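In what comes next, chain A is part of two complexes: it sits with chain B in the first one and with chain C in the second one.
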Partner chain A sequence: MSATTSIPHAALRVSPGEVKPPRAVRRPGARRAARREGMFGYAMIALSMLFVTVFTFIPILASLGLSFFHWDVISPPTWAGLENYQRFFTDGPVLQSFGVTTVMAIAIVALQLSLGLFLAVLVNQRTSTFGRTFFRTAFYLPLLASTAAVAIFMGYLFDAKFGAINYYLGLLGMSDVPWLTSPFGAQVTIVLIVVWQQVGFTFVLFVSALMAVPTDVLEASSIDGAGPLRTLFRIKIPLISPTILFAAVIAFINAMQLFDQPFIMTKGGPGTATTTATISMYQTGFQNLQFGYSSAIAIILLLVILAITGIQFLASRKLVFYQ
Partner chain B sequence: MAREFGPVMGRRDLLRLGGYGLASAALLGMGAGLTGCAPSGGGSSTGTLTMLYFGDQKSATTLQNALQPKVKKIDKDLSLKVSAINGKDWNDFLAKVLTLIASGQAPDIVSVATEGLQLMVGKKLITPLDSYVTKDMSTLKSSYFNDIHPALIEAMMVDGHLYNMPDSFNAGSMFYNSDVLQKAGAPAPAAGWTMDEFHSTAEKISKLGGDILPFDWVVRLWGSWTSFLYANNGNLIEEGKYGGGDWLWSKAYEAGDKSIAGRQGGWKWGAPTANSDAAVEALQYVIDLQKAGYSPSPDVGGGGTLQGLFSSGRIGMTIGGGFWAGGLHNAGMKDGSFEVQAFPTWKSNKSLFGTGGYSIFESSKKKDAAWEVIKMMIEAETFDIMFPGNITTTGRKSLMTAERYASTGPKNWQVFYDQLDGSVPISAPSYYNALATSLNQRTTEAISSGNAKAALDAMQSDLEKVAKGS
Partner chain C sequence: MSTTSLIVTGRRTRSRSGGPGSRSWGVGKIAGLVALIVAAVFALGPLLWTLTTSLRSPSQAFNNPPQWIPFNADFSNYAAVFDQIPIGQFFLNSTIVTLLIVVGQTITCTLSGYAFAMISFPGKNLIFGAFLATMMVPLQTIIIPVFLIVKSLGLQDGLGSLIVPALGSAFGTFLMRQYFMQMPRELGEAARIDGATQFGVFFHVYARMAAPAISTLAILNFSGFWAEFYRPLIFLQDQSTFTLPLGLVGLQGNLGTGSISVVLAGVVLSMIPSVLLFIVAQRYFIAGVTAGSSR
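Right, the complex of A and B next:
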């Protein structure tokens, strides 16, 4: 294949026999400048890399190492091999905590995404720029509050006997609802509180994504006679599907690590109804002093989260539309 | 012009080097973490003794400043650093102490309560004080042992050795809101009152209606439904005692002292008895109280919510110890608005208590100095520095005076100390933490299902498993 056919641009054509132009003469000191620039780049990310290494990678590797030992914090660790991992698959309460976590996480993600999208579409369609800013701030505010503080406060609100919610329900003639004292009630209440606090994040993402949908596409669909619902499901949602995927992945990762709300509000109860995988980890490690086994649970949880995230990305190949 | 710009180090090279660095750092980190698990004598090489304190740092600093002159009197080159550990209960405190030890920051002195004693002894974290006590027996006998209830001393012994010098305790008594009882037309509980009388009082209070409930409690080992269990002559674990201890009882107390009759080498907890008839009956009783609308669903762990409800007049009766006198006073209750009586008698008048004091870490390099500081901390005049405002009950009989409770109440303060006779410490074996976790889970399970037997069968199974492995 000749140069002329492979490089169509006329200016780059080189006639046969023509002397190849010499490479540009390098400016003296250019290599040094490039090196300096390279070093500057590394220096810029060095702090982040150090932070991630010290506070993320090393603890993960240390946990991985520890998961092969028996360690009660006090005595020297002893080699356990795969015993901690084998134990996991026969440990009913811990397996149950993974089940509880998965069910609650699915509920949280489904509610968080659908409610976030619903609110974002509503705000995007019906409000002015001021309104959008107002609602964006209003829905995002709960996310800024301390999770622990919110959990304590909600614990009082949802108290079966002395909580404000049952008080007002009582004024309407309703009997006390066991929000946190029945297994199903506690699970639902915690899911609702997590969704209330987290929905602002997905809401803000969706509002931004909806604003970025090209107006010419929307105008074209309108001219073609598409109604609001058809526009939403056929135009807007496909166009913002990468954002939905991102929100779903982040929400699921967070939900699988659910700890604060059930730990503070129900201590994992009643019974083990809200004992999530992370609470199991905490109890195994910090209360029962089985840090090796606790680390094995942590590593398995990490793998579960990675697997679910992988499945989400695989599913996205068919469901997510990239422009 | 083609631009010659590229990193001086290739991406692959960087990743490779980064990988080596990460692996080395991880190995070093793991090595440090694993070697750090062996307790080390932290804070002992600079003339500073470190003590872990259950409370907030502000109170710890106040305590440290208050104790410093006394420490200087012991040795002018010695100083004391009091480090606070916040927690809602002793269980929480203990978990954090263990984490601190894991990070290689073992202190010299640590506050230990009944909950953590056998666990710490089992792990050889604290040292026996026998030789120190024997050395100073002549002064300790008159200044300490003759003033401290022997039940507290025995509760701090394991296998015949004394591991802790207790200075405080809390026995599970019954507090009641005087106004609520008066409104309900219920007489104030008299000494020796029974469970039937307790139930009758609850019935009367329930008739008040509104948002006033007769009784409330907290899910935990101390002063929970376990108080009913003890009164029902049961326990979660078989009660027993270690032999030995004569070295102490024969020298620290007068021969023939009735209060040391039957005292031995500490409490030895045997097989779990969590699903005994007594336990099922006791737990079912409190569940039925709730079903009847006599009590709300209890909190798990700390008693903050309960204190708020009681002090605002929405709860008629609850289980509390001497620490409630200070707690209720600080919550705004006036002297006379609440009172206390010993826990009602059921099948027995056995009640429970927990005690707290000071131990020396096995790893401490300054054990002798630590002992001198502990002796100072358990002196009668130091008690109010350690625990200002009746936030716990003094273990010294000489300090149990009307004057002490004049500003906070209750008037029936003698109950706290008197209840120690015939009482048993909370059952805290070396696997206490696992026991506490199971107790919380199974109790809330029983409350939500209404079936005490099924939940306690599960608890029995939990405890048998953990006892087998301990």
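Right, the complex of A and C next:
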């Protein structure tokens, strides 16, 4: 997230409020005024501070704490040390759910970014505002449906026997594809559905980034004889690479938390084919009432997300071009 | 003479380049347009199918080929949804939850975003850094403690369990702060000299200027919480408290594949507020997408 990359800048920047205006000859009341401003600041953040502390700060620490205990909610928690973490690394089904999630997330991010970029470049080349507005609306509309609604109607469309998709594939001479009834088919279907809904997000991001590419740079490159493809790969894509990195990080963080679609469409099946990391957490926590173990899985998921985000930033240090 | 030839060559370079402003219709452009139209068909197809199938009679709904144009539209499914599930109640629940969170976060995030941008107080950077750090933490990571806190506050199995924990937001605070940071400080200083109070400066000068950012935050929250499935699934047990996504999934489970057109009618109804809002406030949806990426 570029949000976090901006921390150092934000932290280093001396807020102009702290710089005393030059006319301020130290009056005796100056200290009191500063204190009053401080009190005002605390009052302004009090509400946010209250809610974020109770429902975010404390829960983060509590999750971490809980992960070192065994707790079934009914009897009092008992100290577990690192047992929950040890158990994770020997728990085949849970490890598998992390593997499945990672593979599906990589597929989702790759498809979502390449398709979003492809469509954004095509729209960006079009000059009519009607065309732009039409395609932007068309690609954004899926985002207006809730993930639950998408899971419901896509479940009908991908139905192996009655679904419209197999009907049209049948017209092309294909036999019924077991979209949701075979392990690999279910994984593919869920990846496709997520990409279908999310591609509009990356598309909109890339279109606005491409619009911000200065026209004089493009004109200079075309005067130097660069063709459209060369301009795209040598000028446009390098210039919007920070946006591509941002989109990749956001899409990946979201995909690693994939829950709604597999939970609603396949309940994590067939077998455990689409049991994602968050479905594992849900099952151990809210179905098997192993709150300690579920918390350990949650902390590990957080660490995985942080690690992969970090790797993305490091790997793209050479590829991303900041102006 | 020399000037005219310059202009001519300049123009020629432009049209050959295919760069901005070029109006030539090469093979590439037509192929691009075809690709865009195919993509648009795939993007809109499932939505159109949902709409038209919700207008077919339940016995025909799963018959192929799909009826893309509803010649004899059957609106009985829309009445049936209200008979089969308390969808009116779900609508009301979703509206209450979404509206209160939108209003609540507008207040809390505008206040704290302003403070982090404009006011100096001890520990400011530390607290703001802590806010930022939580933005990477997935909701699923903290759901068990949040669930326990909600329970200990006596909010479980009520709409309060969804509303109260969402009244503050680190992301919303960040978004508002970024917007306030761009505003000129001179306005506030001038107002102070004219005798305005600190809160008056915030309320009468800066908060008004922040309307676009407030709209963006409100739209983001509306889309997010109207569609929310995960927290309702965990916090709500009693059907009378269900929000729309949870209620629709329940309806689908109850009916099986017997009458999918009734379920799809419910899906269409649940999307109407989002679509209406998108029509009137499209630019804030678009701003919401890019909001996080701005520095």
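Everything that follows uses one rule, which is that the second predicted complex is superposed on the first by the 264 of 323 C-alpha atoms of A that agree within 3 Å, B and C clash if a C-alpha of one lies under 4 Å from a C-alpha of the other, contacts with A are read in each partner's own complex, and residues count from 1 in each chain.
Please note the rule applied: a contact is a pair of C-beta atoms (placed from the backbone, for glycine too) under 8 Å apart; a residue touches a chain by one contact, two chains touch by 3 or more.
Worth saying up front: this structure is predicted, and the values here are computed from it rather than measured.
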{"item": "Which of chain B and chain C A:75 touches, first, second, both or neither", "value": "first"}
{"item": "Touched partner set for A:271, first chain B, second chain C, both or neither", "value": "first"}
{"item": "Which superposed partner A:58 touches (first chain B, second chain C, both, neither)", "value": "both"}
{"item": "First (chain B), second (chain C), both or neither touched by A:147", "value": "second"}
{"item": "Which superposed partner A:286 touches (first chain B, second chain C, both, neither)", "value": "both"}
{"item": "Touched partner set for A:204, first chain B, second chain C, both or neither", "value": "second"}
{"item": "Which of chain B and chain C A:162 touches, first, second, both or neither", "value": "both"}
{"item": "Partner chain in contact with A:183 - chain B first, chain C second, else both or neither", "value": "first"}
{"item": "Partner chain(s) touched by A:41 [first = chain B, second = chain C, both, neither]", "value": "both"}
{"item": "Comparison of chain B and chain C by chain A residues contacted", "value": "C"}
{"item": "Footprint overlap on chain A, where chain B in one structure and chain C in the other make contact", "value": "34, 37-39, 41-42, 49, 54, 57-58, 62, 66, 156, 159, 162, 286, 291"}
{"item": "Chain A-facing residues of chain B, complex", "value": "1-2, 4-9, 14, 18, 21-23, 25-26, 29-30, 33-34, 37-39, 91, 95, 98-99, 101-102, 123-125, 211, 213, 296-297, 300-301, 305, 309, 314, 433-434, 436-437, 440-442, 444-445, 447-449, 455, 466"}
{"item": "Touching residues (chain side chain C, partner chain A) in the complex", "value": "13-14, 17-21, 23, 28-29, 32-33, 35-36, 39-40, 42-44, 46-47, 49-50, 53, 62, 64-66, 107-109, 111-112, 114-122, 124-125, 127-146, 148-149, 164-171, 173-174, 185, 189, 198-199, 202, 223, 226-230, 233-234, 244-246, 248-249, 252, 257, 260, 263-264, 267, 270-271, 274-275, 278, 282, 285-286, 289-290, 292-295"}
{"item": "Touch list for chain A against partner chain C, complex", "value": "1-4, 6-7, 9-11, 15-18, 21, 34, 36-42, 44-45, 47-52, 54-60, 62-63, 66, 115, 118-119, 122-123, 125-127, 134-149, 151-157, 159, 162, 164, 167, 196, 199-201, 204-205, 208, 215, 218-219, 222-223, 227-228, 231, 243, 246-247, 250, 253, 256-257, 259-260, 263-264, 278, 281-282, 285-286, 291, 294-295, 298-299, 301-302, 305-306, 309"}
{"item": "For the chain A and chain B complex, residues of the former touching the latter", "value": "23-24, 26, 30-31, 34-35, 37-39, 41-42, 49, 53-54, 57-58, 61-62, 65-66, 69, 71-77, 156, 159-162, 178, 180-183, 266-273, 275, 283, 286-289, 291"}
